[in-house]
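A, B, C and D are the chain letters, set down in written order, and residue numbers restart from 1 in every chain.
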Amino acid sequence: MIIQLRSSITEQHQHQVLQAITGIGYKPKRVTTQFGNYIVCIGNKAFDIRTIGSLEGVQDIHYVSDEYQLVSSKWKVGKTSIDLGDGVVIGGGHFQAMAGPCSIESEEQVRGIVRHLKHHGVRIMRGGVFKPRSSPYAFRGMGLEGLRMFSHLCREHGIKLITEVMEPAQIAPMYDYVDVYQVGARNSQNFNLLDELGKVDKPVMIKRGISGTIEELLYSAEYVFAGGNERLLLCERGIRTYEKASRNTFDINAVPILKEKTHLPVIVDPSHAIGIREFVEPVALAGVMAGADGILIEIHEKPEEAASDGAQTLNFEESARIFAKIRAVTALRKQWERA
Amino acid sequence: MIIQLRSSITEQHQHQVLQAITGIGYKPKRVTTQFGNYIVCIGNKAFDIRTIGSLEGVQDIHYVSDEYQLVSSKWKVGKTSIDLGDGVVIGGGHFQAMAGPCSIESEEQVRGIVRHLKHHGVRIMRGGVFKPRSSPYAFRGMGLEGLRMFSHLCREHGIKLITEVMEPAQIAPMYDYVDVYQVGARNSQNFNLLDELGKVDKPVMIKRGISGTIEELLYSAEYVFAGGNERLLLCERGIRTYEKASRNTFDINAVPILKEKTHLPVIVDPSHAIGIREFVEPVALAGVMAGADGILIEIHEKPEEAASDGAQTLNFEESARIFAKIRAVTALRKQWERA
Amino acid sequence: MIIQLRSSITEQHQHQVLQAITGIGYKPKRVTTQFGNYIVCIGNKAFDIRTIGSLEGVQDIHYVSDEYQLVSSKWKVGKTSIDLGDGVVIGGGHFQAMAGPCSIESEEQVRGIVRHLKHHGVRIMRGGVFKPRSSPYAFRGMGLEGLRMFSHLCREHGIKLITEVMEPAQIAPMYDYVDVYQVGARNSQNFNLLDELGKVDKPVMIKRGISGTIEELLYSAEYVFAGGNERLLLCERGIRTYEKASRNTFDINAVPILKEKTHLPVIVDPSHAIGIREFVEPVALAGVMAGADGILIEIHEKPEEAASDGAQTLNFEESARIFAKIRAVTALRKQWERA
Amino acid sequence: MIIQLRSSITEQHQHQVLQAITGIGYKPKRVTTQFGNYIVCIGNKAFDIRTIGSLEGVQDIHYVSDEYQLVSSKWKVGKTSIDLGDGVVIGGGHFQAMAGPCSIESEEQVRGIVRHLKHHGVRIMRGGVFKPRSSPYAFRGMGLEGLRMFSHLCREHGIKLITEVMEPAQIAPMYDYVDVYQVGARNSQNFNLLDELGKVDKPVMIKRGISGTIEELLYSAEYVFAGGNERLLLCERGIRTYEKASRNTFDINAVPILKEKTHLPVIVDPSHAIGIREFVEPVALAGVMAGADGILIEIHEKPEEAASDGAQTLNFEESARIFAKIRAVTALRKQWERA
């Protein structure tokens, strides 16, 4: 159960509401975000909803049957959209492509990609500066210094940036330079990291765990929301199965299921979801057709020279073609929505 | 290695070719299909290809690095298309929707669906008369008698039919009534059934096993082809994974991967692949967008009364909408191909 | 619900029972096996059990909450044991090792293994004559002729034999030569084959499907039992997962779970479950420790020369050591049971 | 390639070795642990091993074909054993049971379990104070304060303790109170945490990821070792598969595979691996039989009242029986080893 409080509620009235909740046998948790003031109530006793709904300072009260609450579409009318400023909005009818290399490697590399994105009307660049790697001996990214350069070049050209954060201690130093924090698949259930990201006033995109369920992804988002940050994006990036003909199995079913279960925007990452360069295009378009609000694609001026993930990275020509086709597919979706 | 023989080859020359193959250390298997006369050669010794290519009666010789041979795209230029007659062609640029109930239940039911399909320009009806069921106590279908009625009504209206065959003994009695034999997911590696279907001159659609690999599906097709029947369709219908939010996990990656590995048409079955009625449309369209040559959808006049699979079955209104949208998506694909 | 009928029941009384069942809204299915006369009733209405229990000719009536019925441990007191004759009993406290090659290859091969088994007190030999193979070009077994030779040599030395049956048409010709029919993993849901095996009066061992659930395995057994054959064994042989360090993932959890859910004996097949020769011993012993009633091991005089599955096949020395250790483990289990 | 340096090596000679490594085209990484001074060299060029082996200060040089190096059994003769002091040793022939509740709940609870463990000769207690939970609203453990109490009671009675660490910032405050840091399944690839644990001089047990591969587990251990900490334990705790009859699928194959691939001790956690109280015993014993060096079991005086994981937790009577049986199984293993 979610209780939305009026912004004008007094401390005394809040206290009364909390007491009333405890009185009916529920456990209250106060959540204050950028946009609202909530009490999430855990329990499942029957009671007369008016005993709480009529209290001073209570704006709305929602019964949510899912165990995750704040991210559930059962209480929030309408879809959440994330506004990154300068007209870059994701969700709620706004589609965004995000593209860039697996790893940020050099100023020249970033400049080239920024130019390419601008030329094709793409507004968000992805790129890793802290890289989670299975082996301790692999390249682990340019770090904070790389991020500063990356951020500088993006801002110069009006491009927003998304990059991965790997631990709580990185959140603060990264703050001035990122537009969206990304939580990677391996950190999808790093609950301490999620808790800390709840305290930040910047959007967070959470990738589904390597073998995470759709429900676990929603719970991970609930962590950040319950921590105080409503500006969340969810990302389907393929799951681990027995099939080894592709890097992962793109769970395209997750797109409509997530769109129905939550009000948050849903992003697809076809590059990781199939992991084979020549097949990124068809599954990317399939993901958009299935209803995604955004897409994340790995591109590089020379994929064969990329520091990581070259095998799934598109070159400029390939990505230009995909950007154009995505536009045709989203136009078709729009046309159906208007019909 | 595949050796294509000229249709005019004499017995004596065939004998010479077989001897030459054995001589270079390969094991030959003769394959005669509706369309050709092949020798599949198993082995991997190095040799001078001209020693065989120059023999009398040899038309072409193809080195295929995959372990499956005849279904591989490495030897056959161009895509295979399956012509069911009356202008109904699948593959090679021709897209076909196939729709119908999980189980054939009554004459009235079939009549209603045939009418609906005709009205919307769909040329192939699916419907089960032999039903594989986990429990021995569940409804197992109307059997041969149901098939006769089903076939009669379809032919009356120029509709082709596809239905599942479950064992070798059913092949002959079904022959006069089916246009396409379907091999179900549970029989995907029923090798005796596949062997026998190789001897029939009617198209066969093989569904991927419940946790079958893409490679196993190709091998299953190789069985039928090597048995003598080239008219094959492959069907992605979702795989079994840990995720239980949907009935199966639609492995959409399989569509472009299969399209690249084989010359056979690739069909998608979104009804089984997600198993939830309200989400069939988005994943169906995604499957078409990813490059499928055809689609299989479960529909019923009253899904809530269906003898089986009601939870994933669309009603007439829903399916009409999907047929129209599929047309828009295939039109977009055509437009890109021409560009 | 299962109704056990007295063997002396008259046709008229049977008719009354069937009417009574239909009257309370259940669907009856009559099952006659080697050992009993049952009516399985499908439905879940509440009713006074005495209305049926008091009818003439009814011996016992059991309410079974599982959807599978006859194989459930909820109605049958005590474990089923399968008596192959000559003192070879599996289940109900009797443990049996079964060992032999993947494929029967020659008379000499069979003779050698029979001698080895006799020497080590193993009473059942396994060996395939019909081999399910992914590729149509692989060795498919010696067939019926091989089976005759195999059977002749086993009987000469008092060894029982188990071998795979692949299709209904093989059942009759194999009948005189087998002691246990094996249904392979790929045929675990070949329902027509299961139906036909219900009509035979020889034991049947069903392997779990490649990605079959425990429940599906029980349903497959229910097919054979409901077809009329109670003499059933279930076999855990590893399942398909994302982990590729072993051929399959040995689901050892299945052993205690099956032992609790069904009265049928449970066999483990460590050779397929791990697929790596040097590790067969530890997981074989683990399977026995977990409570298996029998074990199936692939052995060969010269594993490196085996026609199939050599990589997971033990030689005579290795298998002798394993037979001895199994004895120590089963002795420990017996000791605990007596305590 | 791993180069072991003599402890007496001078700075100058170390410099020479590093130069020589770079000279032959390898990338050196210096690793200093509690026990040794290594250079791990990444690359795969052919070279004359004597050019390095003959350098001053080089003790040994090992070529390791695996991509993980320091944890590989290919360079280290003999198994690693972890000595926790007071005669409590794990690995290298020493078996240890570790038991305790999922969550530390109260002083009384800890006292009761400590007494129970002492009575049955168990030397290590497990218990969580920081609990990773899918839902942000679930109980998250008693925290540091709980750990202090837990540690105090254990030390009073000579019991060692193992507990989970969830983020780098917890390592230092926990240091004085733990004997073994546990990395949970969800943090198995939290590389920043692994890096930091490399800097600590206390043993670390890493659980396999929820769908982690055996190889990924070894890489995670490589992180800690390469960070400077050799005292490592690996834990198989079940993996996520399609089978839902148990909480996880106990990958018992992993036990012999890990024992062969690494010199580190291998622990099994049957409580999580099956997740059903009544079946913990058979799979626990199976795990020991398969070769585990230790076992982790969830126990509670009153499992039905446990704050978490009650469904898989054993009571004192059940755990006493299991401790006794484990002793019989390890005795049998010892007897075979001596033979």
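By our rule, a residue touches a chain if its C-beta (ideal position, glycine included) is under 8 Å from a C-beta of that chain, and two chains touch if they have at least 3 such contacts.
Everything quoted here is computed from the prediction, not taken from an experiment.
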Could you work out how many touching-chain steps separate subunit A from subunit C at minimum? 1
With centres defined by CA atoms only, which chain is the most remote from subunit A? C
Go ahead and note the Å separation of the Cα centroids belonging to subunit A and subunit B. 38
Distance from subunit C to subunit B - Cα centre to Cα centre, in angstrom: 33
Subunit B: which residues touch two or more other chains? 211, 240-242, 244
Flag every residue of subunit A that touches subunit C in the complex, lowest number first. 211, 240-242, 244
Quick check: in the complex, which residue numbers of subunit A touch subunit B? 211, 213-215, 239, 241-246, 249-257, 260, 273-274, 276, 278-279, 282-283, 285-291, 325, 328-329, 332, 336
For the subunit D and subunit A complex, residues of the former touching the latter: 27, 29, 40, 42, 67-68, 132-137, 166-169, 186-187, 189-195, 209-211, 216, 219, 222-223, 226-227, 240
